[in-house]
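The block underneath contains the structure these notes are about, expressed in structure tokens.
When the chains are written out, they are named A, B and C in that same order, and each has its own residue count from 1.
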Amino acid sequence: MTRRRLTLVLFFLLIPLIVTGGALLFREKYYAWISLCVAVLTCLPIWYDFERRETGSAELMVLSVMTSLSVAGRFLFAWLPGFKPVTAITVITAMWLGAEPGFIVGSLSALLSNFYFGQGPWTPFQMFSWGLIGGIAGLIAKPLRRHKLLLCLYGVFAGVFFSLIMDLWSTFWMGDGFSIPRYLALAAAALPTTVEYAVSNVIFLLALAGPIGDKLERIRTRYGLFREQSM
Amino acid sequence: MELLSVENVTFRYPKASVDALSNVSLSVSEGQWAVLCGLSGCGKSTLLRLIKREIAPYGEASGRIFLGYSAVRGAKNDPPLGDRESAENIGIVLQDPESQIVTDTVWHELAFGIENLGLPSDRIRRRVAEIAAFFGMEEWYHKKTYELSGGQKQLLNLASALVMNPRLLLLDEPTAQLDPIAAADFRNVLRRIRSELGVTILMAEHRLEDVLPDADRIFLMDSGRIAAGGDARALTSFFATNPHPMAQALPAATRVFLALSGGSVLIGGTDSAGDTASFDGTVPLTVSDGRKMLRTLVKQGPASASAGATSAEASETEKASASAEDSAAGKVAPEDSAAGKVALEVSGARFRYDRLLPDVLSGASLTLHAGEHYCLLGGNGSGKTTLLALAAGILSPYAGSVRLFGKKLSSFAPGTLYRGNLALLPQQPRDVFTEKTIREDLLKAFLRTAPDKAAAEADMLSLCERLRITGILDSHPYDVSGGELQKAALAKVLASRPKVLLLDEPTKGIDVRGKDELAEILDGLLAEGAAVLSVTHDAEWAAAHADRCGLLFDGEIISEAAPGGFFDGNAFYTTAANRMARGILPGVLTVSDIVRAVPEVTP
Amino acid sequence: MTIFHNRHPLVLLALLLSVLLPVMFAQSPMLTAPALLGAVLFLAALGIRTRAVSLRSIFGYALLWFLVTAVNPLFSTGGATPLLFLNGRPYTKEALLYGAHLGALLLAVLLWFRCERTLVPEENRFFLFGRLAPKLALLISTVLRFVPLLRRRATQVRAAQTAVGVYDDPDWLNRTRSQMTTMSALTTWSLEHAIDTGAAMKARGYGLPGRTTYRTCRFGSADAALLSIILALTAVTVLTLARGGLHFDWYPYITATTPDRLAVCGTIAYTTLCLIPFLSFLKEEIRWSFYRSKM
């Protein structure tokens, strides 16, 4: 019970305090501060819910494997810069296992792959973006599984979304205050990367959604896992 | 007192047409070492998993299982075994060393189980410390789990099960994936666990030669039933009257005894008083028992044979290897195979994984002829698998060369080397499969060489019939037994019609029947002129099926001969039958050689 | 190696946050310079001690700094002193200097993350996490085991696929396709593996109520002392920031508020904070050389 109360205090007292306190303290960069808080605070409730929910050992291990695959996949395709399967694996996980597993796999992939590829101020934003990409895919899992075209569109959307969020962070962080022209200039400069993200997402999704989906489906039916997730 | 009793357990997997277990009853007393043996698929693993309730398979089960007085599975009024008690009292170690490890460090892995039990930290630390000391793990206590060798991983799994202080330890073919040295280490630890800690052991195993001497009770399972039960002697007499493929898995000494005596007590014990090691006429289980038996049997025969153990040994080796070629197993002499065309030639190959690391191979040379089966033996880390990867063109040597039919591997045009020339069956046959069913996978492979789909399908089916795997074509590659998967992988490898076939540990984890089938398939290929190079730890298999054997040590092939000369020249790296008959019967490699030789010398 | 090996992870977390947050968000060179200095001194000392300084990584960091410096004026046209005009847009001195500062700031943050990796033993890294979120911590521990395993497995699967001749054409399309097949085969293997590992976890009592942890980190008086020092220094820094003492304007002209006594105190406090890893390293060095001379 004390633990629960502590969590409530944390949520309703400490967090607003930190957010406003930081914003007042870091007047020059309060956009950057608030955006960092938003990125971290989006992850917290979902992680908290996952932490409290009972997860079977095999289900936990499946999430672990999917996260590991997307991290290891970054190594596997390291010879093609910018070409990483994290988005695809996250989306596929979400399509077959649900929104929350999708979010967990996406956000943890970002956190853990940066242990190998370098932690930086961008980590929370990658966690946020990949987590959300997984979460949203989980909400529209059924149509995504049914229509290839929609899946491709989602891949493009995910690439653009990821890129725009990272540009947003760069804008906040580079300048004092937010200016739309500067954001647009940055986004324009990052256009080749954005296109590469989108294209690679589509390629990965088309190549992997079928085979990996079949395998997730197989373990779901054979071992009765992830039953409570709405399908 | 009975610690474990299984009463009339029947089990059927969902959608299966036959019971996986039918009416199985057995009991194991406190402190006993019991072995559950049988061919793969006989229900050993299913039974173990039913006893360990947490990992029981889905399906319909009936019958009762008791641990002491508590029911793992039982009727309504039986006192049930609680979840915590089950986790604490029953430990299990499964076949694959890798997949049972949960966390990333050795210390955390050891602590994981007791953490789950919810013990306070200081008690966890004490238990972990005790078990690490018992296993002598201090040196690798802080290591990452992925840095460990296969043998260390399996020891870690055993330690992680023991740290819970179990009363019953279940082992499901725990040494099947280990090399012989690591497997022997593992069994030594088991012996200590039994004698020093008094833990009761129930072990499923299909390789009886290593566990029979230790077992107090053995249960033979066949198609989900207990076919026989009792101590080693009772089992041997069962095999004498009931022919069963598992009899081939008995220790060499026992097999000789069985063949010579027909299961009854051999005439023995008539030695002169001066002989300390005398044969008492009962079932021999170890090499030393077997030697006593052979000495007794051969005593009355030609005197030279029994005296051979002492002075004449060195000079006799030459003679023995010479005679081995004609007497032992009727193997092809090297001169014959040398007449065949040279298929693959590795000359002076040197290889290292990094510039700063030492050589794995330092000038290894090997010649493989068409129609020849060459078995490459060698200890752990001797570079066998590396040599195979060089031969397969996956790695290339930094000095020396690898030639296929006289042509360097690197000069093959892209897409030609692995078409109709060379193929490798990896140690993990699973690695070659990528599709949902074996059929799809094989079809994909056959489409590469066949003109159209119909032809590919016809080719595939005829090969599958030859390998007797048509029944599993629509299964998922992970749903079939090890032997079946091995054959399916072989089918995929053979789809490109290779003239040179490379096999990495082809008998690992395969039961006796699977080994025989594999040998039969290889014989067929050899007869068609293919060349086979296999890397193996299995001296028995090499002795029975190779045309030539080589020993890789310290990056070089240090001896090479036909099995007769090869094994007879080795003192340790040889077959059990050879070790048993050394100095008593010359030029003996296999059990059937002994059986053939003994009547000649006994009056 | 340093004092932090024996300290409670909470102390290190406090240090990291109180160094990183001000430097990241206050954009004052009075903070960036000490942060960068502290990290570089510590890493250099450690590098000399362990002979593990890679020229490549130094070059990489230098390149990153140069890029950020050079690129910033392209996006930011503020500043009153144009150096040159590109397509009619001014490339200003202020923006260039701001870029240099931004680059230094980025380096400081990256290097502090590197310090964190060497300061804390890996076993302690997830300790706090493990207390707050045991399930996530276990998940992370399993991922850290799986990733190297999967990478090794990937080479094996690729070798197996190559030698049965599935993909032996060396062009990039085939290479990509074969990597995809490898990913797919890897998925099958690792999902089955996950089921087995799940069974092994259950067999060892995972899911029983009341899980405890082996690793305990006792919060001792030394931890309390160091933490109070860190908190006190942070308080001074925060107070200075709140009073605007370290305010620094980049545009249109670079202007700093003339430092009052508080600003001097704040800078000294923050610099001390940043030097804690290096100082603790020095302390250990001295202690060990004395210790050895006594042996």
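Rule of thumb we're sticking to: a contact is a pair of C-beta atoms (placed from the backbone, for glycine too) under 8 Å apart; a residue touches a chain by one contact, two chains touch by 3 or more.
All figures in this text were calculated on a predicted structure; none of them were measured in a lab.
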item	value
B-C or A-B, whichever has more C-beta pairs in contact	B-C
Identity of the most central chain, Cα criterion	B
Averaged-CA centre spacing for the pair subunit C and subunit A, given as whole angstrom	20
Mean-CA-position distance for subunit C and subunit B (Å)	48
Where subunit A and subunit B are represented by their mean Cα positions, the distance between them in whole Å	45
Overlap residues in subunit A, where contacts from two or more other chains coincide	211, 218
Junction residues of subunit B, two or more chains touched	434
Junction residues of subunit C, two or more chains touched	138, 142, 144, 149, 184, 188, 192-193, 197, 199, 201-202, 206-207
Sites on subunit B touched by subunit C in the complex	52, 54-55, 83-84, 87-88, 91-92, 94, 96, 98-105, 107-108, 111-121, 124-125, 128, 144-146, 157, 160-161, 164, 389, 392-394, 414-415, 417-419, 422-424, 426, 428, 430-434, 444-445, 448, 477-478, 492-493, 495-496, 502
Contact set on subunit B toward subunit A in their complex	58, 434, 436, 476
Contacting residues of subunit C [partner subunit A, same complex]	21, 24-27, 72, 74-76, 102, 106, 109-110, 113, 116, 133-136, 138-140, 142-144, 146-147, 149-151, 154, 176-177, 179-180, 182-184, 186-188, 190-195, 197-199, 201-202, 206-207, 238, 241-242, 250-251
Touching residues (chain side subunit A, partner subunit B) in the complex	211, 214, 218, 224
Touching residues (chain side subunit C, partner subunit B) in the complex	123, 138, 141-142, 144-145, 148-149, 152, 156-157, 159-166, 168-170, 181, 184-185, 188-189, 192-193, 196-197, 199-216
